[in-house]
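Below is one structure, written out as structure tokens; the observations come after it.
Which chain is which? They are A, B, C, D and E, in the order written, and residues in each are numbered from 1.
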Amino acid sequence: AEPAQKKVIKIGVTQAVDSMNPFLAVRLVSGSIQRMIYGFLTVPDSKTLQPSPDLAESWTTSPDGLTWTFKIRQTKWSDGQPVTAEDAAWTFNKMITDDGAKTGNGPAVENFQSVTANGQELTIKLKTPQASMLDNPVPIMPKHVWEKVKNIAEYDAEVYPAVGSGPYVAVEHKKDQFVRLEANPDYWRGRPKIDELQIIFYDNPAASIVGLKKGDIDLIGRLNPSDFESLKGDDNIVQWNTQGRRATYLQINHGATTSDDKPIGDGHPALKDPKVRTALHHAIDKQKLVDEVQGGLAKPADGSIIPPLYKDYFWEAGGDQKIGFDVAKANKILDDAGYKKGPDGLRTMPDGSRKLQFRFSIHTDAPIEDKLAEYLTGWLKEIGIGLTTKRLDSSKFSEETGTTALFDIAISGWSVNPDPEEVLATHLCSRRPTASGEGGGTESFYCDPTYENLYLQQQKELDRGKRADVIKKMEERLYTDAPVIALYYPNDLEGYRKDRIASITPIPEDKGLLYGGSGYWPFYTVEAVSKDGAAADSGGTSTGLIAGIAAAAVVVLIGGFFVLRRRQGAADERE
Amino acid sequence: MLEATDLSVEFAGRGGRRARAVDGVNLSVGAGEIVALVGESGCGKTTLARTLLGLERPTSGRITYDGTPLSYTGRALKAFRRQVQLVLQDPMGSLNPRQTVYEAVAEGPRIHRLPSRNTAAVAGSEVAAAPVDEEALVASALSRAGLRPPERFFHRFPHQLSGGQRQRVVIAGALALDPKVLIADEPVASLDASVRGEILSLLLRLRDDLGLSALVVTHDLGLAWNIADRVAVMYLGRIVESGPTEDVLTDPQHPYTQALLSVLPESPQRIVLTGEPPDPTRIPTGCRFHPRCQLVAQGNGAPACSTQPLPILPAGASPQVACHMAGVDQTAVSSSGS
Amino acid sequence: MTAALDELEQAPARHGLLRYAATKAGGALLSIAMVIVATFFLFRMLPGDPVRALAQGRNMTPEQLDLERARLGLDKSIPEQFVRFVKQTLQFDLGVSYEYKRPVLDLIGERIGSTLLLTGTALVLAVSLGLWQGARAGWKPGSRFDKVSTAISLVLWSVPTFWLGLLLLMVFAAGIGPIPGIFPTRGSSSVDKPDGLAGVLDVGQHMVLPCLTLVAVVYAQYLLVMRSSVIDEVGQDYVTTARAKGLRDDDVRRKHAVPNALLPTVTLVFMRIGFVVGGAVTVEAIFSWPGLGQLFYEAIRVPDFTLMQGTFLLITVSVIVMNTLADVVYHVLDPRVRSA
Amino acid sequence: MLTLEELSVTYRIGDTRAGRAADDVPAVRGVSLELAAGEALGLAGESGSGKSSVALALLRLLPRSAVVGGRVLLDGEDVLTMKWGRLRAVRWSSASIVFQGAQHGLNPVRRIGDQIAEPLLVHRLASGAAAEARVRELLEQVGLPAWRARSYPHELSGGQRQRVMIAMALACSPQLIIADEPTTALDLMVQAQVLTLIRQLIADHGISLLMISHDLSVLADMCDRLAVMYAGRLVEVGPSAGKFRHPYSQALAAAFPTVGDPASRLAPRGLAGDPPDPQELPGGCAFHPRCPVALESCASTDVPLRVSGDRAAACVLVGE
Amino acid sequence: MSTVSWVRRRRSAARFWADFRTHRAGVAGLVILAVAVVLALIAPLFIDSGVTNVVSGTGEKMAPPSLDDPLGTDESGRSVLLMIWWGSRTSLLIGFLAALLSMVIGTVLGIAAGHFRGWVGAVILRVTDWFLVLPSLVTALVLAAILGGSTATIVVAIGVTSWPSTARLIRAQTLAVEARPYIERSLALGAGHWHITTRHVLPNVAPLLLASTTLEVASAIVTESTLAFLGVSANKTSWGTMLRGSYDWGAATAGAWWYILVPGLCIVIVVMAFTLCGRALETVLNPRLRTRAV
């Protein structure tokens, strides 16, 4: 009604929404938006990141851990209909029964035996116990709206306002341009403090930084270190630098096998030797990598694949166990193991059959990986190992490093959820591809009985503390056996305008993330600087007007110039 | 020497219509004879000349040289073209602007690997040392064509020569192969008035000195009068009158020849034919000249003119004419001309 | 007789054009067929397994993969696949995007409008400005106007589009020194785009920089082409005749030289549409313009091969169609070939 | 009505900016001529002798690289010093030109009716329907059906196109028509048609004609007086009937034999040597290197036109 | 008669040079070009590919131009000047190779299309026309994306998409040459296909080919940079990948103007030098243009 008073926050993102249909969307940005417009069973707690009630008010587990019962909150969909367990059951059953609906979050229901509803009570029966049950990533969809959709796999869900139960309601989506969300007045926690949230897409990261500096947008997350640096010195911009969710690690082809334990791929035989892997580990100066590649905005990894953000699960090597940067030691390990240096400085296998010349697979179009490759090449040279960089596009990359095992060393990384089960699972025997090269999802072709056991153990362990201990053991195993070598944990880098955003609560509240985090917390709590936002808005329009008028004036001037020339040229011009 | 028998050449025109550029021609060029082929633009003179040289394949009819029919295999053609040579209208265009006079004249001998006996030089490879006497060959051809001293011209480019000199170079290029017959398609049409006489004298001299036969294609009756022994008048793909120059040009029998001669500036009365030049895709029935024939226009034509086709004139030296009215009513013709 | 003759003279002309258009259309169809065939084999040369690419690293069971394979027809032999591909393409079924999980045709449909707006405007501006300036420059080669125009166009010709776009973005969107950043940093309109005239102005404002970038690069080519085309006409006899008639120099140029010079230019202008399209890819990427170029750029980055294939097909086919149109337009414009 | 006084045309070629000395081509070197109203004057000479340069200079149509000297008086007004506006008014309405290449003299993309009407519109002599009517009239005058106005040049044959050019030249009823080789590219029979037409039209309208050709016999037939140019100079001026006096004119005349004349049978005649290069003209009489009757003095002294009887020739052998 | 042809060559070269010298812009282009090529060639005498190695980046990151690094440094502290110098090798190499490839394909097919009438010519023409209308950048992008972005594939992608204009030009020129009476004369002298195409057509199209290839190099360099910018080129260091790097590492927002401007300007200058040179060659060598250059 009074648009000048509207409190609007604009978030810039460098990725466009792939689909507004949560059953189909896979991009991160789509996930973030789903978090804001739909309810989930649980959300990570804003302080502890432990699962806390969302649409599920409370829950119970059967002693065998196979039956979960959730009590669904009494609240309303944004169109006024009540939210019931039916909605949740419909959502999960749709995913179980319809292959098309599995695209977005398929694995989340893989372990589901059956899902039934009874009033506000939702019962999920599992095939095997699953501790991560409470970190379910599936948004609950309104059955009364979605059951009318015939073919989920081809439905683009571009109906606005979209019916949801999150803090915001999607009211507009312009493809490749923006999504507009309005506050949901009926949200169960209460209406958010701002009126509108705009998510604006940039193809060009540089332009998004310009946009933030200029005030076209108010917040931008997922910055790379150099862009983050460039925000320095702007008084209106807050540089947000906290621990991130990611781990960057090397994946090593230590003798890849298929799920029936047949060797696959063409990995270098030397990498089967744990000593070589350890030597590799010693040869990497993680601190230097952090400084040079990440601009210092990361934490060198002395642990494994779970970043320190998740305090409960984070494990770090210490004492003797810690493998530090020590070229001499690396050389010694290799010397002792019989890998002799040749005249060209390269070592050969103890049997003299092959040189230690490895390939390093990275992605095309990934400048950071390029840089990383150059440093690794330099260091490995010092321990008599050759490294050649192999750039692959992402589909080929995931095929070679995940299915066919046509690699020696590859770059990898994982964005870890508050429940780390998924990332742990990527190192299970079962994740290896079949002999025909199908299935999979392995991060390392790892298949280690110790690790398998630990995994089963943590899966059943519903006590959070005990489970964390098991998980740490798994990390330790990965660290020492080194099918993967963690390099560093990149920081979460963001920036926002303090002349627009009065306050914003990160998740976790203590030094947590803003846009990059999981859950809607920051954007539920965000508060706009009231009058400035409006003023800047009208300012934007008026500059538009000015520019438009200027353009028109130029056109008129040029036209006038021509007319004048014509007139004046008529009489006596020479040829 | 060179003879065409019942020669026809058709071109596929636009829209599937066929242009009969040459439509039944008998023509012979005897040894040491200069024959002029005259006619207006588009009547098929050039096509006939090109066909005689094997550059165009006849649709029907044949060409014989010294009694042997022309064969169209690459080797036979090459051999044939040593004997019969072509000189084109536009001497500038006939010379590759990037070749010197020397190269232009030497091109023929190189293609035919002349002089061939004592060398193994590969034709076409310029860099390989060519036989010593190639230069002599070129020099003699140039001087026969009247470019003396020949050495002065070796390194000139076509654009450094005058029109008459260029035409001489072209002729020298043909002479370098010692041909027996020269076919000259409008050899002086693009030359300056004062220069053309020189080239024509050269042709006459070559005939006298070397016994060269020549077919000179032209639309210029004065030129025919200047040098030809025999004249053939062509109209719309056919020869309509032929015979010794004096006969044809002083006492024309065919109304078309008469009209042509009458429009020369010096002629007392003009017979200006109306209508456009004829179209080889639409050859009229009967006598092909009848739509424009002044006799027919005056009502003096015979009924056969528009209905009955005329026989093809045989090749031969004696005067011949293809007209229904020829010899029938001469007085009427000349009186109506006035 | 006049009427009869008219009939006679013009009838073949009309048929000529029709026949010409028909042969051109036939040629275009053949070209399109070639594009389709080439696309099929080009995209079959892809390394790796398309189904796995489709899965984008997500965990899929062998059954799922087989199912997907069957759905895409990848379990069939190459000839069978080819037939299927051709059939689908002819039915405007360009497949489903790996990334968006939606029919490629829909994705294209959503974005084609903004691309047409951008490239269309740029093309119109580039053509009018380039041709006008080229005509003036060519009319008096060696004049100051000519030298300045040629210099400008040569520089612009040498500038990589994306670089120019970046510079413009940095200067006019970010603002440097005294230059205020009055132009937006992205997109084709503001999020709160007002209605009516203000809305049009808003889009216009967003369009300025991308349009300028595209125009700058393309216009240089048009200028140079038109210039040499006019230079060709300057020495012609009919130009002298026109001057002899007492026409003003300007009129000689506008009424006589330019219409003639335009003819060969038309084909070239259209021929370079492919260039505009190519430029649109970079420009749209830099200015986050939500069009086909951006879609294509994303498809390449992902890489999303069905999307790439579909966009490629569409772009190529439309360029072919444009060129065919140009040929026909040329024949309508040029009286010499019109009735030939 | 037309007087040329010491007209000279020099083309400057070569790039002066590049520091190279400009090469001058003296295409016309002091030509004086007079053309009375209603008179037909023929200008002959071989290629490159400067005929077209004279024609273009008359209406100041030469390219900018040409430097023109002398005076061109058209009805007493000097064309060369006229204001551009005045010049444009004079062009075509006082003197029009029929160019040699009819195929190039017409704009290929405009209908011939428009092209004929264009001078009418430019000179504001007629507009709209009146102009259309005039176009029809003109086309009929040159023997073309009126509907041809809607044709494009390429739809016409060479002869027809030349007729269109003539119709165009007549559009503003000028007093003078300059015909620069109007029939050179045409066929024998068509050439006769066009010449007949021109002859008839100038007779009917009392127009003066300056006709340029390299074919002396054609000129002799068309014109009252003849002027012969050689190397940018007039070498002979005189009535078209009667024998030429200058050796060059004689040679030129002999190049076009009379059919039936036994003297020229199997005896083609021409001039030895090459036409002169205007950039390297021989000293003395420019013709002396090719002259069959040259005297020693010819190499050093240039002879101006000498009047002898009703003709003037630039040759020492032509007595005073 | 080697002396005769030698004399001819020398004379025409002298004439050509005299003509070319009058085109000041062309001479300027040639000089820049020569400098660029020489610098690229001698680069290994002074530096090695180490300058592009991040490990060797000793300077401060994104430091503005200074005495140590006259053109500033990049995100890893490498000297932009040295990188430009080393990168010119890749850029020029790709430019030349792609132009060469396109020239070879274009010439062979162009001459064939012009010389052989009938179906051979028609088919080649059709194929050429087809390639001609393909939006070349888009096609090159797809090719590079599919084949992977090594130097060789980039060269192939550019070469394969840019030959048709050369072929068109050559074909038109071939047709023009073959319409000249001297071809007829040569036929009448008994010449065959090979003689006509190699002795008459090729020498006559060669100069134009040279000019068009020069222009082709220019556009190949631009295309390479565009491909690199769009991220399909996996080349080590070229000007295009440097620009891509400046974009990736946020040089623009960091205010590192030298990192953006220098490679871009290098491209513009070298491309322009090629263009000026090519245009001058064209005017000097194309007789059609020459007659008008009064």
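FYI, a residue touches a chain if its C-beta (ideal position, glycine included) is under 8 Å from a C-beta of that chain, and two chains touch if they have at least 3 such contacts.
Molecules present, by chain and UniProt name: B, D = Peptide/nickel transport system ATP-binding protein; C, E = Peptide/nickel transport system permease protein.
Bear in mind that the values here come from a model prediction, so they are computed numbers and not experimental data.
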Chain-contact steps, minimal, separating subunit E from subunit C: 1
Of B-E and B-D, pair with higher C-beta contact tally: B-D
Inter-centroid spacing, subunit E versus subunit D (mean Cα positions, whole Å): 50
Between subunit A and subunit B, centroid-to-centroid distance (C-alpha), Å: 86
Inter-centroid spacing, subunit C versus subunit A (mean Cα positions, whole Å): 37
Whole-Å gap between the CA centroids of subunit A and subunit E: 43
Subunit C: positions in contact with at least two other chains: 47, 166, 169-170, 174, 243, 248, 285, 297, 301, 303, 340
For subunit E, residues contacting two or more additional chains: 145, 148, 231-232, 247, 252-253
Of all residues in subunit A, those that touch subunit C in their complex: 3, 8, 10, 16, 18-19, 24, 26, 99, 102-103, 106-107, 153-154, 156, 174-178, 180, 198, 200-204, 206-208, 210-211, 213-214, 216, 365, 393-396, 398-399, 402-403, 431, 434, 436-441, 537, 540-541, 543-549, 551, 569-570, 573-575
Complex contact set, residues of subunit E against subunit B: 1-2, 4-5, 7-8, 11-12, 180-182, 184-192, 194-195, 198-200, 203-204, 287
Interface residues, subunit E side, partner subunit C - complex: 126, 129-130, 132-139, 141-143, 145-148, 218, 222, 225-226, 229-232, 240, 243, 247, 252-253, 260, 264, 267-269, 271-272, 275-276, 279, 289, 292
Contact set on subunit B toward subunit D in their complex: 40-41, 162-165, 192-201, 204, 219, 221-223, 225-227, 245-246, 249-250, 259-261, 263-266, 270, 272-274, 276-277
Footprint of subunit A on subunit E - complex, ascending: 53-55, 57, 61-62, 75-76, 145, 148-149, 231-232, 234, 244-245, 247-255
